[in-house]
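Input: structures, listed below.
Across the two complexes that follow, chain A remains constant while its partner is chain B and subsequently chain C.
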Partner chain A sequence: MAKSGTINAPALQLGATKAVRAGEKSVPTLLLAPTMIIMTIVGLYPLLHSLYISLTNYNPTFGTSYSFIGFANYARAFGDGQFWYSVGLTLAFTAISVALSLTLAVLLALLFNQYRFGFVVLRTFLLIPMLITPIAVGITWRTMMMPDLGVLNYLLSLIGVSHLSWASSPSSALASVILVDVWQWTPFMFIIIFAGLRSLPKSPFEAAAIDGAGHLATFMNVTLPMLKPVIVIATLLRVVDAFRTYDTVYIITRGGPDFATDLLSVYLQRVNFRIFDLGYGSALSWIALVIVLVVVLVFVNLTGFLKLVADKENR
Partner chain B sequence: MSNSRILKSGAGALAAYGLAIAAALFFAFPIFWMVTSSFKSEVDISAYPPVWSFSPTLANYAQLFTELNAWQALLNSALIVGLATCIAMAAGTMAAYALARFDVKGKEFLAFEILSIRMLPPIVSVIPMFIIARQLGIFDTPWLLIAAYALSGLPFVVWVMRVFIQDIPQSIEEAAMIDGCSRFETFWRVTLPLLLPGLAATMVIVFMFAWNEFLLASMLTSQEAKTLPVIAANAIKPKAIAWGLASAAGVMMSLPVVVLVLLMQRYLVRGLTLGAVKG
Partner chain C sequence: MHGHFTPELKRRTLLKMLAIGAAATTLSPATRAWAASTLNILNSNTAWAGALTGGVAKAYTGAQITGEGNPYEAHYEKLLIELSQGSSTFDIFTTDNLWIRQPLRNGWASAFEDIRAEDASLPEISVGKLAPASTTYTEYDGKRWGLPLVMTTPVFVYRKDLFEKAGITKVPTNWDEYRDAAEKLHSDDVAGNVLLLGGQDAHMSGDWGSRLMGMTKIAPNDDGVLDENNKVVFNSEGQGARAIERLREVLPFTPKGVEGFDYAEGSSIMQQGKAAMMITWSDVIVGIEDGPFKGKFGYTVSPTEKFEQQMVGGWSILINAASENKAEAYKFLKWMSEGQAYELFRENGESSLCLQADIDNPEIVAKVPMLQAFRDFPARGTTPVSIPPYRLTNAVEVQRVLYENILAGVNGRKTPQQAMEDAEAALASVIRT
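After this line comes the complex of A and B, so read on.
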């Protein structure tokens, strides 16, 4: 046990942020070790293994022997129309769903930012969808969207809207699963943006009011710029998660009808665990991983996400 | 003049309430539908037009335990998610402390690397995990999922706890150390008690994501280690879908998360944004 006499003098100076004491040199390494070990064994190693498998024709249904085939899987992937169709569909799904959620979340945050009686209770309802297990969300929406027996078509018939086919027709299936995604994840963006809105300083709004700015002008010139960091974080996290959407689509459509909702994760699952073409599936996974990284890096660079987090640190 | 202003603000309030109630209905209705469906009998659930008042039955919940083997899935879920959460919390908090309080070489890179795990789509790691698990003979055992969930929880814990630790003034720790506490004693007696709310909030989020996870759970288990989302998905068969049963499974698995998160609501935003936005 180190006594006070052994404290390094500089560490006691005002403003010294890191107090390193004698005999503590190895402490950070020891503290970081468990995380590094888990990340290496459970995270990095399987990834590298997957890279290796992607260079083989491994398929457990054909026995345990397999051979090294170089980049053949990757070459095959570039000619795989179904794969690129899924990539495009996933990007469209992600873009539409996140854009809708973001718009709705900002509007709801503005609405609930008023101090009115009962709004706290109503707000709680807006939180719950993101907590529901996605499988349960899928089950519930699939029940509600049944064309003949579902409650949604019943409710719509009351206001004179005729029979919609929801997820059972190729033309409306994608819109239906986007609706479910928006329903489930708008709450996620809402609570983040709402928290951001609540923590904004008052004075810029007062200044805008004195200058006689209208609601829209205040929103565009005052609220939105100040809210940008929060919106960026919420959007980045949402984009990453929307891109990997699987559970609800698996339950509601399994990629159908007629591949209308065949998102990347659903397509990959089929290649891997229906036909067990694991070598090829690994190559596709790696291409998907690179796409995610590109999307994230472009986004991070466009919005300065890391700088934002670093600023937070240095404050 | 003043009359019209009152009228205008009255109309504004009415519009605000109208919109707020409409939004609450949109987000709450499917949950209401799931909960009521879980208490409906087979006849009531397939009735059209849908029935709004019915005599509730617990048959679906009973069936969960008799037919879908929900006890085992519940135990599996609790064991797997509980252990994985504890491992992620312990390892992640240690790392977070190191990043927050020491000068570590390549700290930013390390933090970014940990964050990139958050970006990794699980569909990428599922094949190698499947292959490795078969070779090691741990396919369909809890250990595989425990490892996978501990990994996916880690970035949350490291990033969020790092911010929570930074929120605690270093001077408090220094004072304790000057009084003769060792680094560990200082952490245990001074820092940890102050960290408890943050720890609890982070834990709830890690728990939530692992508890709700389906993709890895469905592909890395077959019989023994099935979790709740997997058996719930099993209630959906191509031909005969047991809607009441599936709804009951949905309610049962969603309930713990809803209760836990609503208890920790105050810290939720901080946790979900990896510490970047203060709730």
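After this line comes the complex of A and C, so read on.
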């Protein structure tokens, strides 16, 4: 009896270890489960549902019944001149806005990388635009840009410049909204690039100084190459963000005048929530998603982003 | 060792009792009665909308009236989303008459007759006190579905003092006279007239529609854009293209930035005295008498081409078919139809009034100059026309197609005739009969 009741200690220990290991393996899954469930419900499910809707003719204007129509919405999208016009306009808006933001951000980062009196405070003020809600930015700039009553034209008149149309004219509206976008989001790129600049090692700069390199040569041959990963990340984030700009443009121009600022986001809003052609709007949204993915892939390939990340990991 | 009444047990018991109490309260007849006597309105944010949940709500004692105000486009979105999903959040909803066929066709509203059929004790609602032109929108399929809130028409607003200064003694009644006046009045400081190119509704219906209406003889059940069978007729005799030409001929006499102007910008520029004339819907001409040129504005019917015909639109109030308080909502509308609510609208600053007694009262017309346009209707022999394309369920979409092509014609991207042909072609796939 005692023998049959004897506990096999090594086996028990092995079993206990296995149980602990099994428990340890399931712990990460259990801890991640709530997040994954929430992400699935609020992220993945709506995405898949919109894909389904894009294959139907759902339009609540005509009630809640709808039919499955296959890829008819996608076929319609390829012949939609206004959609492709908006895509082209958005690409142009993104390219110009990001290029200007990047240039300004790098220049500002270089400027504020020096230790001067008051620069710490000035640096803080520089961040204010990106902290303001886009709708408030839109309303403020729209008011400032009013041709007859806006403060911008008033200030220009003090230096003898005649009134500009700003966002009220088709010829200058796109430039006006790009200006606002650059004003608001340059600080975002600045803060990333500035942090990167501050984290660069000092020795290459010292070596360049010893070799007699001037400021421009140092910047082009030392600073820029070392800063490339940070610049790529900042630019990538900004490109994705600029592509989906909506609030400020809608508030300032509503896509006008005469479709001059009818960006993709504004057009999608109109199809989905003004005309309520949700089936077609969902198809357009999916095509827009693919376009953004292609843009990001092209950007990643052109900049060698993945290689940069791999190099950093290997160091 | 735990006793029967440990802190843990007490807390659980307390929470259970609170939950039971809350459920009992919610289900109790008193609570249900309180909830039933509250009417929630899906509302806009105009002067009459403010009065509806302000003075009107205070004056009506049969139920507590609540409501949320929404700007125009947000109101349409919310209306469509709430009603299409069968939501009972709102018992009553207000709607621009342009959109009214949508809830009627989709079964989102309840007819007065149907509500009375369920409750014979409800008194009949009469619209006899309201202007006849305002009540047509709430008639559908032989039944009455709601009440008008306001009646609007494109009003020609002009600066009387500038007319005098320019030696213009006759207020333009046709588009040739209007064009001549715009040229005469135009200067570097003050534009001759305003167009609202930046607004879909403003430009398609306020600018282009007001020109279109007088071009051809419109049949009794047509709206100038569609006939009674929803066939497009807006360019049947080239009148749509002609209306675009009429807009192009006054475009040089508009203020800077007019390409982006919508209702708010138009009112603002008139209030600031930077423009001499504007033609737009009466309910969106807001605040011009609150500026430095108070009392210097004249109001009359829009000019015309050959026929005295003008759009008459407005807003209506209907009962949500999904409401659980239809009888109470019906009683509220019955009370409204007796007139006091419309008087309260007027007192709250609304000028697009539809109480016939107000329109016939010279004292009120003197205080509410916008009513002069309706007073001029009989003097000019003006026939009211319904706002196009209100008969369509997807009126907003059709309006958008027209707007884009009209704008292309006005801005010169297309010839007026090409713009109208393209609009007709595009509408072929959009209009569902």
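Heads up, the rule we're going with is that the second predicted complex is superposed on the first by the 281 of 315 C-alpha atoms of A that agree within 3 Å, B and C clash if a C-alpha of one lies under 4 Å from a C-alpha of the other, contacts with A are read in each partner's own complex, and residues count from 1 in each chain.
Criterion: contacts are C-beta pairs under 8 Å (C-beta built on N, C-alpha and C of every residue); 3 or more make two chains touch, one makes a residue touch a chain.
The structure displayed is predicted, hence computed values, not measured ones.
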Contacts of A:M226 with chain B and chain C, given as first, second, both or neither: neither
Which of chain B and chain C A:L91 touches, first, second, both or neither: neither
Partner chain(s) touched by A:L156 [first = chain B, second = chain C, both, neither]: neither
Which of chain B and chain C A:F273 touches, first, second, both or neither: both
Chain B versus chain C as contact partner of A:D148, first or second or both or neither: both
Dominant contact partner of chain A by residue count, chain C or chain B: B
Chain B versus chain C as contact partner of A:D258, first or second or both or neither: second
Residues on chain A lying within both footprints (that of chain B and that of chain C): 60, 148-149, 273
Chain A contact footprint on chain B (complex, rising order): 13, 16-17, 19-21, 23-24, 26-28, 30-31, 33-34, 37, 46, 48-50, 87, 90-92, 94-95, 97-99, 101-104, 108, 110, 112-114, 117-132, 134, 147-148, 150-151, 154, 158, 163, 166, 170, 173-174, 177-180, 182-183, 185, 208, 211-212, 214-215, 219, 228-229, 232-233, 235-236, 243, 246-247, 249-251, 253-254, 257-258, 261-262, 265, 268-269, 272-279
Touching residues (chain side chain C, partner chain A) in the complex: 73, 76-77, 80-81, 84-86, 102, 106-107, 197-198, 255-260, 262, 269, 272, 274, 393-394, 396-397, 400, 404, 407, 411, 413, 432
Contacting residues of chain A [partner chain C, same complex]: 59-64, 82, 146-149, 163, 165, 167-170, 173, 253-254, 256-258, 270, 273-277
In the complex, chain A residues that touch chain B: 1-4, 7, 11-12, 17-21, 24, 27-29, 31-32, 34-36, 38-39, 41-43, 45-47, 49-50, 53, 58, 60, 108, 111-112, 114, 116, 118-119, 122, 124-129, 131-137, 139-144, 148-149, 151, 154, 183, 186-188, 191-192, 195-196, 199, 229-230, 233-234, 237, 240, 243-244, 246-247, 250-251, 264-265, 268-269, 272-273, 278, 281-282, 285-286, 288-289, 292-293, 296, 306, 308-310, 312-313
